[in-house]
Each structure stands twice: as C-alpha cells, then as structure tokens.
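Next come the structures, one after another.
Two complexes are shown next, each including chain A; its partner changes from chain B in the first to chain C in the second.
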Partner chain A sequence: MPIEVKNVSCRYGERTPLEVEALREISFRVEDGEFVGIMGHTGCGKSTLIHLMAGLLIPGEGRILIDGKDINEPGYDREELRRTLGIVFQYPESQLFETTVEKDVAFALKHLDLSKAEKAERVRWALEAVGFRADSRSGPPEIAGKSPLALSGGEKRRVAIAGVLAAGPRILIFDEPLAGLDPSGRLEFLELAARLHSQGTTILMVSHDADALCGYADRILVLDRGRLCAEGSPEEIFRDPGRAEALHIGAGEVRRIAQVLYEKGRLQNPEITKYKVLLDEIKRMIKAGEGT
Partner chain B sequence: MSFLPTGSYREGDSVLHRMDAFCKLLCTILFLAGVILSDSFPGYGLAAGCLLAVTLVSHLGPGTALRGVKRMWLFFCLILLMNTAFFETEQIWWEWWIFRFSADGFFQGLQVVLRVAMAMVLGNLLMSTTSPLELAGAMESLLYPLKLIGVPVRDVAMILGVAIQFIPTFSEEAEAIRKAQTARGARFESRKLSEKAKSVVPLVVPVFLAAFRRADELAMAMEARGYRRTKGKISKRRRHLSRRDGIGLLLCSLFGAAEIML
Partner chain C sequence: MQAVNGKRIFFTYEDDGVSSPVLEDVSLEIQAGEFIAVLGANGSGKSTLVRLLNGLLPLEKGELKVWNLDPRQESRLWELRRLCGMVFQNPDNQFVSSIVEEDVAFGLRNYDTPEEEIPERVGRALSLVGMRGYERYSTHMLSGGQKQRVAMAGVLAMEPEILIFDEATSMLDPQGRREVLACLRQIHGMGKTIVMITHYVEEALDADRIFLMQGGKLRKSGSPREILTDRGLLAEANLIPPLAVRIYFDLKDSGILLDRCPLTKEELVEELCRLK
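Showing the complex of A and B:
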C-alpha cells in the first residue's frame, strides 16, 4: 500500500478575499511499512496534507495515489479507503459519543461485513493494543462497559485510538498524538506506535516533538509555508542544528546535547538523534572516565 | 471556509459599514416597519427601490444581499400556491375539488412573499455590514429602557455577545468532528435518508459535549479574571453619532412615513 502524493496544491477560500494557499506542489512517496514523521511550524499545512491523504479534502491540483489508485477518481471506493487508512486526529478524545467504550470502539466496524463474535474480538484486540488488558482470557477488558465520558483524559485518548485501530487499517496517520499527554502517556503512545509499526503498519505521524520522531521514525518530512522543504532520515534532517532551527522545527534535546558534547571534544560524531544511542555514549564516557 | 453561515459579517469600508451600529439597528427597524406597513404595489416598488439603493451603497453586491432568499424558493412557491388556492374571495379563476384559484389570492401571496424576501435582504444587509460584537452592543443600547423594569440588560447583552462570538468556534469544531467521524466510517455523504439521520448522533453528541466544556471553561476564566454581575452604577459607553447616522435615521423615517401614506 504505498502512498504517492504527486504535485499536490491546495487552497482555502478560493475566489474570496480570505484565500490562503495551504500547500504548494508537494510530492513524496511513502513505502509499505515505513514510519514517517511530518514536522513543521504551526500553520505550515501539515493538517491539510494529512486530511488530503485521508480523502477528507480534495486537492485543487495534483493526485494522491494509494496502492496505485487515485483516491479522488470518481470510481474510487471510499469505503475501501476508510478501511485501509485510519486517521487519529488531534485530541481524538473529543470524538467519543457512544454510551459505552465497547460501542464507541465498535463504531468503525458498523459497516464492515463481520459476525458479532468477530466484531467483539476486534474490539477486545483494539482495547488490548492500547493497553487495556482483560483479566480473564475470554471477556473484554473491564473498561469496555464504562461510559467513555467517565474516563480520565489519558484513558479517553487511548479509547479513541482503539476506535481507529479496530477497523484494522494498514496505514495509520496520527495528528499531534502527543499533545497534552503526560510523560508516561507519551512513552506509552510511542511504544504503541512502534509496536504497530513492527507488525507491518505504515505510520505517518505529525508532531512537534523532534526527539520522539527521531527515536522512532525512519524518515522525516519537513513542511514550511506549504512547501516540502526537507526530506530525509532524522540524521540528515538534523545534521545542521542551525538549519533545523531556521525551519522552525527545533533540533531536539538529544541532538543538541550531542552537539555540545562534540564541541567539548567528548564525542567523535555529533549526529546522534536517538535517545538510547546518546545514553549509551554517555554511559561509555562515564565508564572511560572512571577507568582513568 | 465554505461553511460561513448566512448573514455573517463581511469586512468593508462603505458608509453602511461605518454607520453606528445602534443607529443602523434603529434604521433597520424603521425600514422593516415600512416594509410591513406598506400594502400597495407602489409601496412595494418604493421599498424595493430603496433596498436596491441601500445595497448599492453597501458595496456588497446582489449575491451577498440575496443570500438566503434564493435558498427559500420552495417556501416562497408554497406560500404563493397556498394563497392562490385557498384565498376567500368572490372572483374565482378556476375551481377544482377543494381548491379555489383566484387572482386576489395570487396577489395576496405575492405580497407575503415580497415582504418576507425584503425583510430577509434587510436582515442580511444589517448582519453583513455590522460585526457581531457591535451588534451585541447595539442590542444592549436598544434594550436599555428595559432596565427600568428590572431586566438585567447587561447580562443579556453579555450572553448574546458570547453566543455570537462562539459561532465560528463551534462551526470549526463541528467541522473537525465531522471529519474525524467520516474517517471512522460515518456516512455523512450517504444520500439515504435513514443513514443520514443515524449519522447525526456521532456529530451532535460530541459537539454538544464540547459546547458544555467550553461554557464551563469560559465561566471559570471569567470568574478568575474578576467578572461578576454588575450592580448599581454602570459606566455607559457614549455613542458618537455623526452626520451620516442622522441622515440615515432621517431617510428611514421618511421612508416609513411614505409607506404609511402609500
């Protein structure tokens, strides 16, 4: 299911005084099973881009192909798109509406051709995937019977994500999934994304959190004022921390610490963007320091 | 921004835009009274001519002025038909079953349609040239006399102002939720009526929840910044009326008087 975005431009409020150009001639390709991060200044067109990819907006120009098929062609099966591509919006907890968690998660399954037992199994799997474990082997997790509105903020978000996972999409798009999460919630979410990725799901994640994306993404796209202005591995994107700052994406704590250590002569290579690698390097340094 | 509701504010710099909101509201009421009081075709002609003049002065263009009216065409046709078919009169064009088509009924219907359409254009002109906040302020001034009989005018105006201010926020929120639910497989795009009706729940429930949450948050924020019900002395903003406000009021009064005469 590769995604191809070809020469896409998009404007809002066409032929009015409020006309804004949100995206301009964007082209890129996402391969199966990739984890791609999307970064950029507020208002650079990130949300527009992912709405276009999910078929919620129609581009003014250009084409978006998923698995070689143009999703805006008249004959394209929109229901098929909804099944293969899941999108988790910013603050997804605001979309909960059913009386129980179970029903809410099952909402995405409503139009699927599945038996009751299969649906229940999907719901159970989705809730487990976001960390609600069942006590017994057969029954659903305890949370399934509760009202989604009675949960804490973090729980609500996980239930909302489960609601998207339940449909079993092979491509997942997250819009600012880390906004407003506490540190443990953030780590839990990132582990969930990594787990889904390792199971073969293609993941696109919009975030301002450079460290999070560096730790997990294979590739990062950077948007600036509606244009795709950089594309590459985290190491390439943050090779020059000054340039990253100029693109309003910040360099990330890890990369900045690595830069400082490099300038002090403690590191041979400053291009470290992963937290775990930096931690190992520092441990090695401490050990070496103790040795002398 | 395709979801801008009918009658929403358009920025501009015409005489109508620069008029004081309170005077504009008074003028609208006078004009409306004129439209309603007129009951002859010369009267309607005069009203239509004046409306056209006001529209030209507003720089809004006929499209904006007629917004909403076009959408009501079915309603207008129905009114016309009902009046033509059921008006009690002696002179009948044609009779069939319970229907009694008459020329008098047709003209009666036409009058109703003209009045409603003109009132709508008038409302459109007011809403399109006055920012919601100015309008709320004008309402407050207008309702001021009610204070004497103990109506909490300031609070009412505050509520109105807040409600108006939140319309764009809510329409944005509704749009975001609509997208989220569509992505989860809700069928808003479906043409089947039964599916359409069912798809309303996933949209309405979250929007209402968001509205309540926002109301709570706003109330808290207002309290935290020291807002409380004003009692006793009120510092009232003075309105600075200019010549164009006076001329506007004069013209509208003249129009109202002319309509009564015609």
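Showing the complex of A and C:
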C-alpha cells in the first residue's frame, strides 16, 4: 500500500493573526515495505506531516493517497485507514489508561470483528513482539495482569506500542519513538522496527537520532521550515556534512568519525553512516596498513 | 564541603499492597562543585534517587544530608528546595506561566522575594542561560532548547547550590541539546554542583564522576574513563558504551588491539592514526 503525498500544504490558525505555515508544497511517495526516516529541526513540520498521513489533519491544499485512494475524499472508508495505518505518538505511554495491560493492549481490537480467543491471541502476540515473553505456551505474559501505570518508563513505552501493533497495521508511523529510552531500550525498539519491517510492514519514523535512522532506514526525508528539502539514502543525505548541519540535522557519530578519518587520509570514502560498515572499513584500513 | 551525603538509603514504591523495592542500600557522597552524571537503564532507580535529594519523595530508610540539611526535617524543606533545584524532562510540562519572565519569577514570588528585587534576579537568571531579551515572550513560541533554558533560569533565579537535571535533554533536537549542555557547563563553571541523569553516554563524558545505577543499587562510581571503558560493567547494567569504546572492543574481538581504549571519537581517531 504505497503512500503518496501530493503537493500538500498546511497552515495553522488560518485567517487569524497567528497564522503559520506548517508545510508547503510537499510531495513524495513511500513504497510498500519501505523503512523511511523523517528528520528536521524542531518545528520543521514533521509532526504535522505524519498527522496528515494518518488522516488526523486535513491538508489545506494537496492530496494524500494510500493505496491509490485519497484519504480525505468524501466516502473514503476511514475505518479502513485506521486498520491499515497505526501511529505511535511521542511519549505514547502517556496514553495508557486501562486497569490492566491486557485491557489496554486490547482496546484497539474492540471495534474489530474478532472472537474473544482471537483477541487474546492478538494481545499475546503484540506483547511478545515488544519483548514480553509468556512463561507458558497458553497463557499471556505475566505483565498482562498488571496495572499499566505501575510499570517502569521503558515497559510502559513497549506496552503502548503493543497496543498499536495488536490491530495489525500494514503501515506504522512512529513519532520520536526513541526519546527517553535507555540505550538498550533504544536498540530493542530499533530491532523491533527492523523485524516488523522485514515482515513487510511499511515503517515511517521521525527521529533526531541520525545514527539510529542511518542504521535502519532505506531512505531519509528532511524537512526544513515546512519544506521537503532533501530526500535520499542515508549516505546521500549526509554526503555534505556542512549542508546537513545547515538543515539542522547533525550527522551521527559514525559519519563524523568516518569524516575525520577521511580527512586524515586514512579512509578512502567518508560516506559511511552505518556502524558495521565503519567497523569493516577500519579493519580493512588497519590490515592495509600492516601490509605496507 | 559536601553537597550530598547519603548512607544506606532504601526506597520502596507501594502499589495495591504490592511493594517493589526501587533503591536498595545506596550510599553516596557528592562534593560541592562536582559534576555528577547518573547513568542506568530504565527502572534502575535514577529518578527516585534524585527525587529524594530535594524531598520530592520522602526518605524512608537511611541517612541523607543535602547541603547539610536533612530532607526529613519539614521545617527546612523550603530552604532545601531553594538550594537544590530540578529541571525535568518535558519542557512543556514545567511552565506555570505563559510569559517567560512570569515563569522565571514564579519561584521567587513563592518565596516572598521583595517585588523590587524580582526583575533584576529574573534578568540575571535569563542572562545566565542566554535568554536575555526574551522576558516578554510567550513560552509556547519558544523552541525546545529555549524552553529548557527558561526552566533552568527559573531554578537559577532561586540561587541554588545544587542543580539536578532529570533527562533534561531527552526531548530536544541536537541543537537544543547542545544549547542546554553548554548552559549546564557554564553553570558548573560558576562552581555549582550538578547532578545530571542522562541516557546519552556522550553527555556523561564531561562529568567529574559517573554514578552507575543498576537494579536499585549504586553499582559503581568513578571517572567517565573508568566507567565507560568497562564493557563488562556496562553490559551488566544494560547500557551500551560510547561509539569509540564499542569500536575498540569490536576490533579487539577480531584480533586487532589498539594501545589503549579510547573514550571519545577524537581519541579513537588518534589511536587509529598512530597505527601503521
């Protein structure tokens, strides 16, 4: 289900003295099964853009098509959009509200036509997907019976994500999913996203973390003051570190180290944005040095 | 002078009769003027620990002195909170006023500061965080980094000795983080004691000492080099070392040994350039 954003503009507070232009003439396409990162300075329009794609805002101009259908056209089946597309907001744990984890995760299934057993299975699957393993083959993980409010911050985040996964969306949008997570929590989340991606889910992820996006995303979109100002592979986006800096998207540590090693004449190519590639290049560099 | 002296602190959260221990037998000392970074996985007890310091959570068991005050002594709690200020994670959750100068003055007014002193103290605090000139701005028009700096100004206006940052940069973009960290270094340079909780190991590189929390215990305190280059220790605490350290160990695992373990990317580059 490709997503097509066609010439979209969006303003807040239109025809008031506080009118601001949040997005101007944005066009891009996300293919089925892609992992796309969205970067940009605070206030550049990232959140507006994903709210538009999720149908939570209506663009002033332009169209948004999912699977060829305009989601803002009268008669469009919004229910289908809700089933197709899941959105995990910033700090999603603040939306937990049910008395138990199980009920919270199952909330999105209420309107789906599923049997009780099917719902229980979905909840169990979603909790497992975010790393809560059940002890027995049949029962749900231990956490299912706990109050979501009594969990640690990292656990709450995972439960909130499970609540979105349970509905089985084919497109997942994450708004700053890494903020506030500890390093292993970040890695766990990224591995989860990669796993969902490898199973065919389309992923759109807003993040300030260049290393994380470069490690996982196929493509990165960069917004600056409401405009789509760059689009390409991680290597292309950070090809010119000065330009990236001007767009307020600092390169990640991996790219920075590669740049310094390149400037010192140790690496042939500074355009490295993935940790594993950097490590391999350093090994190669050391072996080559030993050979001479 | 000791800024903080805690001995054998325990803390337990009660929920529906179920008690979960969060801090177990934590003893710590912080000298005045020190910059301490607190690292630890989610749920390791970092936030609980710092909330005990200014009495946001009640000390149940153990001894604690903060700037020579006992947080249990209720009559001096206001004094303690003035001396030990906190900046929290979410810049939008800590504003009490929609105008910058009103927000910064909030604490001062609560402490019955004479009205004629307030503009000067607010101005001074805003200068310290590089926000002079924003007095009449609406708080919601500011960027994330600016909001956190205004929150810092609100704390600084109280002329505290100890500043606690509880993941104060985690919601900011890279530029906002840089702004806040630059301010923090400047405040440390003025001789204030800083306690900073962070998940970004690079932010801990500047600290005098790191407290590593693990499962409710203060697992180890030491210099950034001591803590962050100890791969086994970090793995046990469920943390990931800085990039330079990761590269060092991954090279070591494949049979390439550098002379010493670099802590920063500059040191890594230096080590790599020394080879040949």
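The criterion applied here is as follows: the second predicted complex is superposed on the first by the 282 of 292 C-alpha atoms of A that agree within 3 Å, B and C clash if a C-alpha of one lies under 4 Å from a C-alpha of the other, contacts with A are read in each partner's own complex, and residues count from 1 in each chain.
Definition applied: contacts are C-beta pairs under 8 Å (C-beta built on N, C-alpha and C of every residue); 3 or more make two chains touch, one makes a residue touch a chain.
Source: prediction; values computed, not measured.
Residue contacts after overlaying the shared chain place A:Phe107 against chain B, while chain C stays out of touching range. By the touch criterion defined above, A:Gly153 reaches chain C but does not reach chain B. Judged by the touch definition given at the top, the superposed model places A:Ile282 against chain C, while chain B stays out of reach. Measured by the number of chain A residues touched, the leading partner among chain B and chain C is C. In the superposition on chain A, A:Ala246 makes contact with neither chain B nor chain C. By the touch criterion defined above, A:Ile58 lies against neither chain B nor chain C after alignment on the C-alpha atoms of chain A.
Once both structures are placed on chain A, no chain A residue is touched by chain B and, in the other complex, by chain C.
Across the complex, chain A meets chain B through its residues 12-13, 16-18, 51, 54, 56, 78-79, 82-83, 86-87, 89, 92, 94-97, 107-108, 110-111, 149, 163-164, 167.
Every residue of chain C that touches chain A in the complex is listed here, in rising order: 15-16, 18, 20, 40-43, 89-90, 143-145, 167, 170-176, 199, 201-202, 238-240, 243-244, 246-247, 250-251, 254, 256, 265-266, 268-269, 272-273, 275-276. Against chain A, in their complex, chain B makes its touches with residues 1, 11, 173, 176-177, 179-187, 189, 201-202, 205-206, 209-210.
On the chain A side of its complex with chain C, the touching residues are 41-43, 91, 147, 150, 152-155, 176, 179-187, 208, 211, 248-250, 253-254, 256-257, 260-261, 264, 266, 275, 278-279, 282-283, 285-286, 289, 292.
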